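I'd like to ask you about the structure that follows.
When the chains are written out, they are named A, B, C, D, E and F in that same order, and each has its own residue count from 1.
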Amino acid sequence: MSSERDRDLFEFMQRELYVSVVSDILDSLGYREQAMDATIRPLYKEAIVVGRAHTVLSTDVYEMPSDPYTAEIAAIDSLKPTDVLDASTNRPTRTGFFGDLLSTTSRARGARGAVIDGHVRDARRIEQMQFPVFATGLRPIDSAGRGLVIAHGTPVNCGGVIVHPGDIIFGDIDGLVVIPQAVEKEAIERAKVKVAGENQARNDLERGDLLREVYDRYGVL
Amino acid sequence: MSSERDRDLFEFMQRELYVSVVSDILDSLGYREQAMDATIRPLYKEAIVVGRAHTVLSTDVYEMPSDPYTAEIAAIDSLKPTDVLDASTNRPTRTGFFGDLLSTTSRARGARGAVIDGHVRDARRIEQMQFPVFATGLRPIDSAGRGLVIAHGTPVNCGGVIVHPGDIIFGDIDGLVVIPQAVEKEAIERAKVKVAGENQARNDLERGDLLREVYDRYGVL
Amino acid sequence: MSSERDRDLFEFMQRELYVSVVSDILDSLGYREQAMDATIRPLYKEAIVVGRAHTVLSTDVYEMPSDPYTAEIAAIDSLKPTDVLDASTNRPTRTGFFGDLLSTTSRARGARGAVIDGHVRDARRIEQMQFPVFATGLRPIDSAGRGLVIAHGTPVNCGGVIVHPGDIIFGDIDGLVVIPQAVEKEAIERAKVKVAGENQARNDLERGDLLREVYDRYGVL
Amino acid sequence: MSSERDRDLFEFMQRELYVSVVSDILDSLGYREQAMDATIRPLYKEAIVVGRAHTVLSTDVYEMPSDPYTAEIAAIDSLKPTDVLDASTNRPTRTGFFGDLLSTTSRARGARGAVIDGHVRDARRIEQMQFPVFATGLRPIDSAGRGLVIAHGTPVNCGGVIVHPGDIIFGDIDGLVVIPQAVEKEAIERAKVKVAGENQARNDLERGDLLREVYDRYGVL
Amino acid sequence: MSSERDRDLFEFMQRELYVSVVSDILDSLGYREQAMDATIRPLYKEAIVVGRAHTVLSTDVYEMPSDPYTAEIAAIDSLKPTDVLDASTNRPTRTGFFGDLLSTTSRARGARGAVIDGHVRDARRIEQMQFPVFATGLRPIDSAGRGLVIAHGTPVNCGGVIVHPGDIIFGDIDGLVVIPQAVEKEAIERAKVKVAGENQARNDLERGDLLREVYDRYGVL
Amino acid sequence: MSSERDRDLFEFMQRELYVSVVSDILDSLGYREQAMDATIRPLYKEAIVVGRAHTVLSTDVYEMPSDPYTAEIAAIDSLKPTDVLDASTNRPTRTGFFGDLLSTTSRARGARGAVIDGHVRDARRIEQMQFPVFATGLRPIDSAGRGLVIAHGTPVNCGGVIVHPGDIIFGDIDGLVVIPQAVEKEAIERAKVKVAGENQARNDLERGDLLREVYDRYGVL
């Protein structure tokens, strides 16, 4: 797919759709396990991320390697526009995988955000630059001698979902879903329709109709 | 009790009291286990909820029922003014029990908020409508085929406290307490007095008195 | 050390340094376990704390003591300017160790903040007074008959780090580090230098240099 | 399938196969998520269970129902020979779902064992009668007013695996696997072959061959 | 009560009753929260303990006290015949509160066992001497400088139950219940009757009666 | 050190010492964090392991590698007599790192046991061959495509203790300690002396002396 078409699509999604409606559509398409677990949260509440997964796998280590950053630098420097960095780190509680300088680089490479199945640091600056980072928590500790990137561009488990490189990751305040490439076109089309239906239902509920009536009328809830 | 009297009472409580002082009064009345556990949090930090518990019990299921929403719709449509929806969901991590459309309906029915012993979704809209929802986390996933309402109007366990229908639930940023009906009148009267005492103590502490002196003077801390 | 010199140092640190850079310096000095775990969080996101640890140890109890507050009052009243109250409470989930009146007293004594390895209450007022409190969560419940101070001024374990009285505690949105007195001077000097290096690296990354190039140039990441 | 054929099959499996080899075969057939999680353990270490799942779903309740046992009794009385009772209970820590009298009944109905995603009681008698029960722990507390059976014969989640009525459940000291009906024939055939291969490999390893050589020779490990 | 009468009673209970039947009786008397949680387990599976609670409270500390054992020794040396040592330790994972020499002393003082809401050590010798110890796990580490006894003879929370000195503690493989003194006589009388009823029910179930019939006949399950 | 001298030493330790006494000695030498956490347990209760650590590090992966076993086979085939395999696996709950065939190989290579910071399988056969394996639990699932060995012979974290290749690991029913090479000689000498002292103390306690007297006499507890 071309990067410009992706960029337009992702900007539309960020503006007009939301994660819970896409989750409902994935359910209706039979993809019922596409939401990451609730422990991965945006660093600031307005953060919305949508882009193609650029996957990274790291692990815990217990001594300082000769060059602790080589594979991590390669993973970051290979980010392309419309990518979202998606790191699976085996959830160490010791170290922060990502921070201010990696965010700066990622954004400079055109990446649209980062999703880390682990802790990060430099939350204040990341919010200041409005770079949407999602993580399990904050930790001021550097990864050197604690975590080591062992691969990028492979399938990873992030937040309980297997993410393949190129899958669309979509996250907002409610959490994150992974849209498999096989159904991304249909999922997004259907999500547009459902948003319209929910707007009508919301209007009727606001004027006092019973939920029973509104659900029978529109089939959404 | 009449609904208008309740409404006036709850608006007074929301304006003048706070949860920690009511918790202290319940302690002094011998009700020492009335605070829900710390995992149930307001969706936005200004949220304050006070009203009578309208209880709902749901459970996890693993196939799509013929009509997944009938009991849930009945539970929501039966909300009355000054009610607080109080759902005990066995804390699934998979699904979100409550969201934007249920919040819209609940508010249209006159409910003063919702307390969910589980995850919810649509946090952005819920904050926009300033409907005070308390929950254990956020999750974009719909409940159909995952959770099923099995009763409403029964005693439930929410956040570790047994809640009877009609108990007053009072929540703010510090957490939630359940005020049993047998002592609600006395608890609220005593809380007013304690708030006044704390204001005096705070003034004396701000001007530099030792805590030892101030505690001996007013008996609050 | 004189209190004025400390105050100037801590105000400099609060203004110019941040916790993650100090953590990196402690790593480079061989102190690799000085960050408290990620569950201790600031009550409001702008909170920054820096000061000398005034340690307190409390434990769970299951009946009301004859005087539940004597040792706690003594611990608070002995706070000195530039101190940070640092309480190790065995992490009860039942009770809140600290709140509005203790914050008022602590600030009146000159303390620069509080770090509690447990829950606290009165979060709204604490934020209003901009007193930087860090804790594991919120809980409206008083400690009387639930928690009891058993010592102050002893070594404690707070967030997984052994804190000695007089150690510098430094916390911001990323978490907290404990700077041992033996290396405080060197750690702070080196941190100033590293901040400058990171600013240069950030500039180069923002203009599009690869992380590989920038890391080779400055050795920071 | 006829009950006698099942009985012969299950006795063969109990005698000649083991759970880990069946798990490997399910892996090779592309069914990689068929093992229940490690918290469900046999009550006594020699226990082996194999039979067709008779599923039960129960949930937590917080008041005594008018008849707490009706649905539970129906679920137990409908057990047929070669069944294994498989209960999904939302993992309450309060109550024990199963015990001595239910074990006695289940065995009298011809059931081959019970797998409970929750606690049980009467462990001593259950071991004495050598009825293979697997559970997450022991708890002396009765379920009346605490747990309520809400369905039987529906798909359930037990130990993280979706179990359909009629699936084969096979458990021994290493844990439990669920064999989907679509592949049960092939899985069992292949497992017989793998057991033979492992016996040869074990012999070669015992006489001192390197693992590298033996794995190259037989392809098992 | 006299010690001899207690001893006879406890030997009867150990021989003829079991914990789950006493738990059912406490339920029927309205004492529904008397079972310790499922994490406290016997060190060896035949262990049965019954006696009067001699309570001890200890807490975590982080430096070596001048005399680490004084209060612990006093707590152990004050054990009387028919006592059960019942220690509440705030569940440290670091240290083992109890071991071989304390078991030897406790038995020499006449104590009937020990229940520890934490870890212990020397499991092999404790089993060899057949002294019934219940604990949350095993840990080879001594308590000196890690845990400190701060009181004995006070109410404690052990396994989630408030235990008062003199309450009867009864434990077997299914777990532990605490029998409040106010109902001990009635609870034990009723338990004898229920054991007889269960024996009849078991006989009828073994010969093939439906659970429905047997429950209607005897009202036990 | 020569392998024969090691073998004699380890057989002496297995026969005459126990883990809790060595833990006390390490405490007295200032090594107070040498015990692995309580979740790593022997597969069968008589298991005792003592030998030099042969370390292995593995991590979670989410696709089948081209050769899933190469590094694992190399790690096992390089075991030497008197080694104990010590694997740090980031504690996956999905897979079992070790089993029957690896145990057979390890024993054939002369290894004295295995300590796995994760799950294993084939517990029945491992007990039959009396090969002392310690692990966090049992799981029938193979590691291929789930876990991958990434190094051996490096420092690892196992059960919360940093283990260097060549450190002595000593485990029995109470848990495991790691004896650093720098103090192994002194630690073992002192442990012999303490065992003798404890035997005297035990005798005095058995004949009824108070713990106070015996502790004053021998200084052990």
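The working rule: contacts are C-beta pairs under 8 Å (C-beta built on N, C-alpha and C of every residue); 3 or more make two chains touch, one makes a residue touch a chain.
Just so it is clear, the model here is predicted, and its values are computed rather than measured.
Shared contact partners of subunit C and subunit F, listed by label: A, E. Chain centres were defined as the mean of their Cα atoms; on that basis the chain farthest from subunit E turns out to be A. Residue-number overlap of contact pairs with A-B passes half for only one option from A-F, C-E or A-C: A-C. Between subunit D and subunit F, two chains of identical sequence, the interface residue sets overlap only in part, with shared numbers making up under half of the total. If you average the CA atoms of subunit E and of subunit F, the two centres end up 31 Å from each other. Rounded to a whole number, the gap between the C-alpha centres of subunit A and subunit E is 50 angstrom.
If you average the CA atoms of subunit B and of subunit E, the two centres end up 37 Å from each other. Of all residues in subunit A, none touches 2 or more other chains. Those chain pairs judged to touch are A-B, A-C, A-F, B-C, B-D, C-E, D-E, D-F, E-F.
Considering their complex, residues 57, 59-63, 88, 90, 150, 154-157, 162 of subunit B touch subunit D.
Partner subunit D is touched in their complex by these residues of subunit E: 18-20, 22-24, 27, 32, 35, 37-38, 41, 45, 172-177, 198, 201-202, 205-208, 210-212, 214-215, 220-221. Interface of subunit D with subunit E (complex): residues 69, 72-74, 76-77, 93, 96, 99-102, 104-105, 108, 119, 121-124, 137-142, 144-145.
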